[in-house]
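Look for chain A in each of the two complexes below; its partner is chain B in the first and chain C in the second.
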Partner chain A sequence: MSEPTTDRRAAGVAALAPARRLGEMRHLGLLVALAILVVIGLVTRPENFATASNLVSILSLAATIGVITVGATFVIIGGGIDLSVGAVMALASVWATTLATQAYGPWVMAICAILVGTGAGLVSGWLIAYGRLVPFIATLAMLVAARGLAQRMSDRRTQLVQPENAALVDLSTTRVLGVPLLVYIFALVVALGWVVLNRTTFGRRTYAVGGNPEAARLAGIDVRRHTMLLYALSGLCCGIAAILIMARTTTGSSTHGDLYELDAIAAVIIGGTLLTGGRGTIIGSILGLLIFTLITNLFILNGLDTSDQLIAKGLIIVVAVLLQRRNLKERST
Partner chain B sequence: MSENVARRGFLVGGLGGAALLAAGCTSNEPAAAPSSAAAAPAPAASGNDQPGTKVTIGFSAPAADHGWIAAIAKNAEATAKQYSDVDFKPVEPTNDINQQISAVESLIAQKVNALVILPNDGQQLNQVALQATEAGIPVINLDRVFPDKLAYRTWIGGDNYGMGVAAGHFIGKQLKDKGVSNPVIVEIQGIATLPLTQDRSKGFADALKTYGFSVTAKQDAKFTVETGNQVATSLLQAHKKIDAMWNHDDDQGVGVLAAIKEAGRDEFIMVGGAGSLNAMKEIQSGTSVLKATVTYSPTMASSAIRLARLVAQGKGMSDLVENSVPQSITLASETITKDNVDKYLELGFES
Partner chain C sequence: MLVIKGIVKQFPGVRALDGVDLDVRAGEVHCLLGQNGAGKSTLIKVLAGAHQPDEGTIVFNGEQVRPASPIDAIRLGIATIYQELDLVDGLSVAENIFLGHEPAKLGFVNRAAAGKAAREVLERLGHGEIRPSAEVGRLSPAAKQVVSMARALSHDARLIIMDEPSAALAHDEVANLFRIIRELTAQGVAVVYISHRLEEIREIGDRVTVLKDGRTVAVGLAARDTPTTQIVSLMTGRNVEYVFPPRGGRTFGEEVLRVENLTAPGVFSDVSFSVRAGEIVGLAGLVGSGRSEILEAVYGARSATGRVLLDGRPAGRGVVGAVRRGMGLAPEERKAQALLLDQSVTANITLGSLPGFARFGWLDRKRERAEAKRLSEMLDIRPPDPERPIRTLSGGNQQKAVLARWLLGGRKLLLLDEPTRGVDVGARAELYAVIHDLAERGIGVLLVSSEVPEVLGLADRVLVLREGSVIHEGDAAELDEHRVLDMIMNGRAA
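On to the complex of A and B.
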């Protein structure tokens, strides 16, 4: 009597094993979601969706916020949060397009954007690490202040990239192998982010600091310094994103990057990074972001209302987090 | 105690750092800046421009969050300065309803001779405008209308429906002349939920209908350069061949044009909206897809100041038979093309 039961159980376990192994493939759920969206695209707009130029559009649309998402992934894995990303990008774009900065040419503009972004990140990081402010509060303050400073500096005007600095705009219009340069920059940032997170001491420390700061401190990591650097890194990414947005829109404006913080955080969370820190991947975040970008693309291709698009995004966030929680439970048992 | 001092030192350090950051290259002043776009049309050839009784005109408008509003304030001031008999009293611009109400109250208390008000919200400032009128101060209502006609002496503003009509006629005629049948017409709106956007879209659709055309696709882009760029990028993918595009707002149009350029598309004609200097320069160049823009011109602020002066001095408009200024003036939306752009350049506002 007992023999067949165990047999069946054994067979069941054997059958489950590959399935479970599949479930453990970290990003399977995301890939499935992406695949579903692609199928929807193929079915609803076969003639427009699967074209090379649409693919390139999707990647160019994702590039700006994608770069920011890389920085946000580091901060969130390190147990923090950065709400200021969109505002800092706006500030960097405005600072780099003031006529005073533009007088020095495109390279100075790019360096200016990066310095402003990194500087703002350092200030937030310093407030959090050494000023003992809660990350939420410190970066919220930076969001408001950076947006305000951007408005003041630009007098709420849209600042055009002057014709003599058109080299900056070339990042968006020059194509190599059919793909705009800014998509390569995006790919490079993602690749560098992956290497730093997975193959360097800095990356390992990030996981340690986010997972258990006390243990990290006892292990000899300078947790404060590391925390500050994480926000500086996020700021650096905002600076790079500012260069990309200047290239794409040919402008710097205090209205750039509105609500980017929400999109970036949502992409990171959908990608499987824990908001409590200590766990997460760059690839997951980028897949999460691509899902969002693809939804926007599909809605516009089909001429649907933008409000419905927001509803769809909200649903996806909830479903993704619910699935993650189930995964976590399965893993812990 | 030492803890306290350390904290203070920390705070001071933070402020110092911020000040240093801000002191960098943030100036926007170099000579390269285009000259201000204050509208200064030639004085009308009538006795109305001769100095009359000295009048004080109060002015209240929202804080600039868009090139258009910035141009409103600038135009009002520039026009007031042209008249030796006008004492111009602007109040601090604000986006806070409460503050605007108290600002207008202070102007009433100063017993100005006329008020020009562009309210943040017509509904919410109606009461204070009524107070002014009851205190014997004529109110010139600029653009956003007060619901209560007792609250103002004269309304002057733009025509959103008319903007759509002008854009629709320009596109309709161009396509008809080309002999296009079943054209693909794309519309990029501002904020879709605003009544002004809905009016613009309705006018556009109505005018197109007279040519037997209709809008193929429309999307809203929230009035910012970045959203304009994003929406246009995807719209261009959705429609491989477009015949005409109307973009409601020249400021977001900067982003739309960048997207078009990046996609390397030039098979269609594009029409803008509002009448910014950038858009006019694009039209003037002749090489851009942007062939026209339909105005919603901030020069209305200049006209409002002139009206306020006339009302306060008890004069009428010299070209009209009546002895006093009309109750309501809706400005026509004008179509700016390569042919007439030179005439409009000085009226264009920087976005």
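On to the complex of A and C.
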């Protein structure tokens, strides 16, 4: 009686297996790389590496860029690129820490950062989607302009978060289960990003717009509107990242987030997202970012030169992409 | 000069060339005729070295050759001017002419020599007015054609293949093209000329070879004296069996689509027609007759003046509006315009009606999979696993998935552009059955195909297009392939 059902189920599982396995395989390499780095940490610095405080500092370090990386993953899967993330985050942090904004308290500061980030993203997105500018150029312009505006607003001075708004700084000092709140915010953004990308029409459209914009358009998707929203989402993530960096450094500054765009893009690429769009995962990007952060951590713990650290990161990007290309080839045959 | 015998070229699932013979003499214009899919472009690519034949011999200037690459063919003296001109827009005329074989010393291009040589070649073509330093992107289509030809000559080509060179040209520019061709042939260069326009072939051609279904059916007919009826019947007598579902039994409902005076300057003009629920209307015409462009305009993907009414009301703005109002398009280039190759069959099927599977943006993936499964079974998409990446399916099954996309969401009108392109014969019959099935469900269908028998076999009513105008409209049952081809090629309205 039950035989045919089990048979069919077995067949179904067998049919799904290749797809599943590929999904796991895709992250397997990253996990192995992470594991190797952990082992290196344990061997070279047994007394410092595996401590709670070191792990927390790795995660806190990763949180700010991590939030930006989530947004960057969306933009890149959607076939674009956002170079302005670091500058937009800096602008948001400066705008939120002006004395005028600070007068309204920490909530308004947070909302201000988010609005500034999203607004900047909308401007880039509008220029790209409706002004037909190439994403590289539009966001490069935004990078330069946002930095400049941040310098002008702050008069190139670092703006402190005022004592009466210390609640904002609590995000990095208050710990739940030994972990600062900002790490929870990072985790929440990652989780939300995953859900949106994998379980909503927005996510599905992102893959469609990045994978084949013409097909998406002819299937009735408003490609331009979607493109604009992708950059707005990236800007939103920059706004959230600005809150985290204000909490961690207790400052807003036009120099925050310098070269974050490169770290974010590198993390996304290492995570297996194609720069040409249409393919990629949030989990991969986060693993890519953790690899990067771990390398930084290991170099610092071992007192090595930061220049060597950069060289190592460069090598990792190349190796990761070469390995992925091999995987791609195997899959398409 | 060129003698080809028994060329066979096979692609997975298709025998594109199945024994082609061709014999071209020095100094002649040899025309190649055949319907779409007859194998003309494959033959050109074999000659140009882009494809290698599986069987057969090519003898060029008394020597047996086998061009292994485009460079190889060029070195032999065979140059090809493709339909889409392969010029680099950002470079100058001289740079384009000598692209790949620049006069150079130690890697430094001798610009003066290149400019001088370019001027000589252009003058030889009677176009001394084209400056060698001009940027190619700013030239007119006719001038670009001249540059392409100059490039062919700069290689000392003895045989020049021209694939529909007149397609992009205005009338007086065609006259100039012919003058150049005559000068070339007077110098002993042979030209293989491909065109759909019979009148051109009569004017410029010396002899004609007709291809049909990958085979040569006539070699070396006199281009001027062979009667049109003979040429057309050579082109149409078919071996491919078209299995169409029986006509009739369907009743047409209300008018779904009404198109009034649709015009896009230079592409099509004053096109009016209507499609009723359950009716299949076919557009027959050559590439460049405006057939696909009309479909795009109806779908909102191309701007045009005139009116498009869906259910008596103006269709929404753009593609988004058209889809929302119940239209669907299966575009001509399946891979480039319809499919997300990396995604699953399911994701491809539901792409056109995502909001229908979502609440507040949240996708109901279970229902999505269930619907994809139901449609896969209904259309017999194989292999029957909707979670597979769509790139692993055959062309016919991919096309079924595109049709399945528009079976969702209560479509009223489907626009099908070359629905059976790149699909093997067996899958064709299945697609035909699916299309009939769609019509039986009360969906209006507007069909474009370059294969006349397909239009006639599937459609209830046919519009014949030539150079952007409807030259005939009538019941499909009252037309035959012969008459339609005659209208398309000679412009005679029945």
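The working rule: the second predicted complex is superposed on the first by the 309 of 333 C-alpha atoms of A that agree within 3 Å, B and C clash if a C-alpha of one lies under 4 Å from a C-alpha of the other, contacts with A are read in each partner's own complex, and residues count from 1 in each chain.
FYI, a contact is a pair of C-beta atoms (placed from the backbone, for glycine too) under 8 Å apart; a residue touches a chain by one contact, two chains touch by 3 or more.
The shown structure was predicted, so the numbers you read here are calculated from the model rather than taken from an experiment.
When both complexes are superposed on chain A, chain B and chain C fit side by side without a clash. Applying the stated contact rule after C-alpha superposition, one finds that A:Thr249 touches chain B and leaves chain C untouched.
In the superposed model, A:Thr201 lies in contact with chain C only, and not with chain B.
Shared-chain residue A:Gly193: touches no atom of chain B or chain C.
Greater residue coverage of chain A by touch, when chain B is weighed against chain C, goes to B. Of the two partner chains placed by superposition, only chain C is touched by A:Gly220; chain B is not.
In the superposed pair of complexes, A:Gly211 makes contact with chain C only, with no contact to chain B.
By the touch criterion stated above, A:Ile300 is placed in contact with chain B alone, chain C being left untouched. Contacts of A:Gly41 after superposition: neither chain B nor chain C is touched.
When the two structures are aligned on their common chain, the gap between the nearest CA atoms of chain B and chain C comes to 14 Å. The contact surfaces that chain B and chain C form on chain A in the two complexes do not overlap at any residue.
Every residue of chain A that touches chain B in the complex is listed here, in rising order: 45, 47-48, 51, 53-54, 57, 60-61, 95, 98-101, 103, 112, 116, 119, 123, 126-127, 130-131, 149, 151, 153-160, 162, 169, 172-173, 180, 245, 248-251, 253, 255-258, 296-297, 300-303, 305-306. Residues 10, 14, 17-18, 21-22, 24-30, 32-33, 64-67, 70, 192, 217-220, 222, 224-231, 233-238, 240, 251, 254-255, 257-259, 261-263, 278, 350-351 of chain B are the ones that touch chain A when the two sit in their complex.
By the touch criterion stated above, chain C contacts chain A in their complex at residues 299, 301, 319-320, 322-324, 329, 331, 336-344, 347, 351-352, 354-355, 357-358, 361-363, 365, 385, 387-389, 391, 405. Note for the complex: chain A touches chain C at residues 15-16, 19, 199-202, 204-205, 207-208, 211-212, 214-222, 278-279, 332.
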